[in-house]
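Shared between the two complexes below is subunit A, which pairs with subunit B and subunit C, respectively.
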Partner chain A sequence: MKTVLLAPLDPVHDNAIKLIQRRLAEAGYEAISMPPGTTPEEVVQKALVHNADTILVSRTLGYKVGEILSQLVDLAEAAGVRDQTRLGVGGMAITKEIGTELGFDGCFVGELKMEEVIAFIENRASISTDGADSPNLRKKPDITGGYTYEFFDPVIEKLLDQISTQAIDWVGTKTTDGIERAKIRTAMLENEGSASEREKLLEQYLRYCDADIQAFYRSRHLPSGVRWLEQSEIDGVSNLFNTSHENFGSLRHVGSKPLFFSQYGTGCPVMDVLHIKVAEAWGIDGVFHFDPSWNAQREGLLEGYLTHEHDGTIITLENLKFIHHFLEPYTLWNVRGHRGLNTPETQVLGHAAGADLFKINIPYGSTGGGTDPARLTVDGIYSLMLASQYGIPFDIPGNDELSGVPPYKTFAGILIMMALGLKLGARPIPKPLLCYSPYMTIYGRMDDNMIDMNLAKLAVWRDIVDTPLWPGEPVGFMTHTPDRVQSALQTSLHATLASTMGADAVTIASSDEAYSKGPISVQARVDTLRAVKDQLRFQGSVKATLSPEAELIKEEIHEKITETLQAVAERGDFVASIYEGLLGSKEDGLYPGRVGAGTVRG
Partner chain B sequence: MMTKALDRVVDAIDIETFLYCKSEDEAKELAESLANELHLPHGDIVFLEFKAWGARVRIRSYIHHPGDHYRWMETQEEK
Partner chain C sequence: MKTIGFVGTAKNTGKTTTALHVLKLVSEAGIVTALTSIGYDGENTDHITGLPKPRYYAAKGMLLATAEPCLGYGSAKLKDPIRTGLRTILGEIIIATVAEPGYVVLAGPNRRMDIQQLLATLESLGVALTMVDGALNRLAALTVADGLVLSTGAAYDERIPELAAHAAAIESLFHYPKYSSEETSHQVSFIAPTGITQQLALGSVLEASAMQAVADWLKSSQGGTCLIPGVFSPQLFQEMLQQLDHHLEGSRFVFQSPLNLLAAGSPEIWQAGFASLKSRGGEVLYQAPLPLYLMTVNPFYPQYLQKTGNYTAAFVDKVALLQRTRQLIQDTPVVDILQPPLPDLLKICEITPDMFSDRPQA
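Now for the complex of A and B:
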């Protein structure tokens, strides 16, 4: 058994010494501690008496730190202690430079890592085990695993069956340019080796594209502001990240969920890779690909390695594959699927590039500045069939709440998407939005606190269906300000609230969420990740209990979801229900999308 | 005369950034160099966390220490 002498060379602070003593004792060492205010002379005397194998001293106060520590080193050498004893130092006042300069064998700065302390005592290289789920042990999780999708509310189940059956029947054999392109793109992927076949298929593909997309393929005319990535840039990223690295821990303090996701889409695949790699290093479990809004408003997608200086990274197979190549093996990758006129083709490319998840919500995507409801219903249902065929789960964001829609209407839309997906063999993941939405502010529903409403919005799902839950997108929407501390705090509070309700995944923002004049910075990502990690540490395995007020809100939402679904079922036409505002009206602040109106055939 | 904005800094300027680097030691060197390149006197690293590809860092430079003659007070008096 090795003997370790622990001494605080500090008049007050000995917490770390006590903690290390306990942990070393648990690990089988003889750990002897000395009281605060111990002098260097007393440390050396004690080490001689106990024949210590290791001396670990700490110093919190910066005052005279160099003088005291160098005195200890000198005394230890003069007494011959250093011949058989390793000397280590740590504490708030210590930097690696000080430790090395003064001649210590080991120096511990920052967060206490016992594996490093023990490696030092044993005189071997440290093996990082930062977090229980290190990459070697971390597996790519299945968010839908273990859920049966059994409905606990038979009334809602029956209404959803009625609505989803009608919607699928209505779509029937209808088609769109988007669906035709998806079919051709699939054939192109299957015939990648044949140049002549590709030429033939490309000609077919271009028949279903807008003029500017045709111009791109025929004359390599790039859209305004877009440029090709240079080969040196592509190779450069590989050189940066094709190196081994320490194991990355997760954000979680206890348990294996929730998983944490963040979005990327800086406009440049190179910058995206850097953002993703940093987010992974600081504990993220999954990422979303966000593309520019014009990607959704043109018939046809581009190809090649493309970059631009605007929000959202252009969807091409090459860009997607490039980004995917750099992901850690356990990182989940979601390619936002409901991309307006290119919705079906986005699923095809996402699947070809290795996507783990899609994102499809017809009612949300076909409102506001989005796609025409009829067009997105036809394309969306085809996309759900693709998700089913590929075996890729799809998540259903409830961000129409941000337009002013009350949560019960948003949730009714999400439930319809769930029913459509399940009927077509896909695995849905609802995403109730934890936010301070216009509906809440206008009607004063969160005037007192932000907990009751958000808890109720999560709890109501547990009463309706056995499903995974993934609050997003991101949590805390409309609570953030451009101040990074406030923003990171709000995200961490919302994220841990979701965690206390047993959420399976959570989408988190960066602390630049409310900054709109430029791209998200890397430090803004790190700050939020650090805040969430600390908040999870604070919370541990504590679970939330609904207050009487939250219970009432939950019951109210449940009742109104049923009423909304009844109205849609009675209307007997899912698409007309969106046009007519049953899932979000003009009075709520929602308008049917217009992009692609009149383009459904059959 | 226009007063310098730097004179109005009550005590310190913090630079919050993320540096691409290969090690914590390199991060520290870069952080110190950054303060010099920005002509910030006596740059101190308040916080630095390195992981794999880079470091989140806060670099601080004190413009006025407690006990200094505070230029933000002098400029107010001139006004």
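Now for the complex of A and C:
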């Protein structure tokens, strides 16, 4: 039996030591703890007497505390203890670099993970001691893994087959400038080494671009508010983060899901990296790249390292690759392209830069201030083919509900997108909105509580199809206020509600996302990450069950999804169904998008 | 191969600045040099105070021994990586040659036995001089060095008299001779003048009962040799001397090295204790004495600002600090690396280019 000596080296606290002692004893070790106020000399003496295999020290770091810890290391060395005893350290503010500086053999960064402690005692390769190439570095999760997409509701399955077949047939050989650009961009990526070939392809590309995009390529004339990133800015962030990969802790207390995602898109890739690194350090599992709205409304994309003063970060291959470079290898990265005139090309660039996920929703993207339904249907189906070709899953946000569309219409649209994706060989992930649903609020369905409705909106999917579920986008929409504490609380309540229903992933907002009046702040991002983590800790493995009221709502939504799909199927024309409001009407607050109207050819 | 350790009394006392200065001199002298650290060196700012730190700049042809992930951190271009099999928190230690000069990040082995293995490898590669940077106040692992350069400064104590006295106490411990006998032991042992040997179960004296046993040996014998291979608590040593008022004549205390004493802390107690021991006919010796080539003093210290919760750079009077320390330390050169003129530091560190002329080039 291995002997482990546990020393707080702290004048007051030893709770971490007691906890580790209990867990080590349970794991079969002889764990000897020492009281608070123990000196390095006493620790070394005890280690000598008990022939300890390992000494674990817990101490919060502060100025001159380093010297106390290193004195222990030195004393152990001088007393000959280090020849047979391994020294480990953990505690607030301890990092791998500090552990190295102090001279320890291992260190435990962040939240206590007993598997790391035991790996260290056993001298096995462990997460925090092995650095970048550790086989134990967290694995990148697969959200769609294990789901069969089998439909449990044959009526809905049949209707979706009918609608998706019609939509794909309607698209046929139609094309758009967006699709042509995507094809040329693909060729440009394949011919990166050849300047003459690139020149030729760029000329072709520009034929399908708006005038201001052409001006950019021909005379480097930048759109208003856009500037080049300076080399010093690029180098600055490289110097900050060019370190080994970190196994940052997750937000979860138990289990491996849900995964948590947040968006970034400050307008500046450098700031984006800072936001992403903070979010990763506080436990995020994945991030979304948000592009600027004007990006969606112009034919053509820019190139180079570009920043600008508005929301959303400009999509260029260089910007995407720059951001991707700094992601931890296990962080999932979604490059959204569910709307706008550059949807197919965004998938091409996203794939080239290393995206793990896409975001495509034709009904949502072609309403409100979005793209013309015919245009986005042609572009969207091409994008689904790309997602299939690349093997990259796509998620389907249901945010049209925010305009006042009833959830069943939004869900019907999401289901059509799923059917289209599956037919084309892609893997869809529906994203029902967990929110203070405007439609349901108007009709008094959320007067008493916010739980029944949201649980019903998740549960209904389990009755329809075997699919991953990813409530979004972000959860808690319409509940947030300028009060950051309130916003963080609402996000955490919605996120854990999703967790109790076995959601696979959840998108969370920063606590100032709805009211930031500009780029969101990093500390507001941390607010919700901390709140969610604590709420998950509070909840543990507890699961939700539906109340009778929630069951009723679920049945009602299910029934009306079927009715909506029947109406679309009977209409026999997917695009016309969007124009005519079958998936969200003007009365619901939804209008067909107009950007790119009349640009479908063939 | 020669190995020099650059150690300090605390963080921010000027180890790296001193090592960088010597490094520049050895580079200019064309000596094939290897660099490593028993801590983590090369970051722009201090992990704790957030204040700027000097960075290691490696010249072409120099060898580095650092943790694998650190190879990619600096601006120096490296080539010919060699795996050592030595592991640290940050990863395996790799030896690499500087192909193009630039900044480097050093995080080498920190245990004595690992440093020893690394030094053997470096020697086999034709390295003439290895410079090992210390970390904080750690120095025990550097018993494997051929000599030390020790930095102290206001970061240890901003009171100049106390700082200088502490430095002088440390320095005084390096002047005791080598124990000439072949006798060694892994346990604390006592050899009476009669030849009878007694031993404790452990190699260190860190609790009162062990100290009492040593005291009793000396009380029952007229003189004798006490071997302490590990560490001896300075407070217990002091207590023991008080008990042995009239029993120290002819006694010899053989410690492993001055670094074993310093690892136990309180150099002032050791200094006073050894003076007392000597005055009463006792003697101090080392199994493995180690020369202290040079001491440096640094007026800088990080000052904590309560109001902002940040640290700011602050300085004590640099002239007063140097003068006071030199007054108390006569037998070892004391310099402030940033206060020229400086003596010939290579000579002081016993580094001469001709020493290495017969070595193969790395």
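Just so we're on the same page, the second predicted complex is superposed on the first by the 459 of 602 C-alpha atoms of A that agree within 3 Å, B and C clash if a C-alpha of one lies under 4 Å from a C-alpha of the other, contacts with A are read in each partner's own complex, and residues count from 1 in each chain.
We take it that contacts are C-beta pairs under 8 Å (C-beta built on N, C-alpha and C of every residue); 3 or more make two chains touch, one makes a residue touch a chain.
In this text the structure is predicted, and so the values were computed from the model without any measurement.
J.: Is A:74 touching anything from subunit B or subunit C once the two structures are fitted on A? First, second, both or neither.
T.: After superposition on chain A, A:74 lies in contact with subunit C alone.
J.: Scan A:96 for contacts with subunit B and subunit C and give back first, second, both or neither.
T.: both
J.: According to the stated criteria, A:526 is in contact with first (subunit B), second (subunit C), both, or neither; which is it?
T.: The answer is first: A:526 touches subunit B but not subunit C.
J.: Where does A:110 make contact in the superposed view: on subunit B (first), on subunit C (second), on both, or on neither?
T.: The first partner, subunit B, only.
J.: Touching A:549 in the superposition: subunit B (first), subunit C (second), both, neither?
T.: neither
J.: With both complexes overlaid on chain A, does A:274 touch subunit B (first), subunit C (second), both or neither?
T.: Only subunit B is touched by A:274; subunit C is not.
J.: Once the shared chain is lined up, is A:44 touching subunit B (first), subunit C (second), both, or neither of them?
T.: second
J.: Could you tell me if A:239 is touching subunit B, subunit C, both of them or neither one (first, second, both, neither)?
T.: second
J.: Which partner reaches more residues of subunit A, subunit B or subunit C?
T.: It is C that touches the greater number of subunit A residues.
J.: What is the shared patch of subunit A, the residues that subunit B and subunit C both contact?
T.: Residues 96-97, which sit in both footprints.
J.: Would you tell me which residues of subunit B are touching subunit A in their complex?
T.: 16-18, 20, 24-25, 28, 49, 51-54, 56
J.: Would you pull the subunit A residues touching subunit C in the complex into a rising list?
T.: It comes out as residues 41-42, 44-45, 48-49, 61-64, 66-67, 70-71, 73-75, 77-80, 82-83, 95-107, 128-133, 239, 242-244.
J.: Help me check something: in the complex, which residues belonging to subunit A touch subunit B?
T.: 96-97, 110, 240-241, 245-246, 248, 274, 277-278, 281-282, 484, 521-523, 526-527, 530
J.: With touch defined as at the start, can you tell me which subunit C residues reach subunit A in the complex?
T.: These residues of subunit C touch subunit A: 10-11, 38-40, 43-44, 47-49, 67-69, 72-73, 87-91, 107, 110-113, 135-141, 186, 202-204, 206-207, 229-231, 233, 256, 259-260, 263-265, 302, 304, 311.
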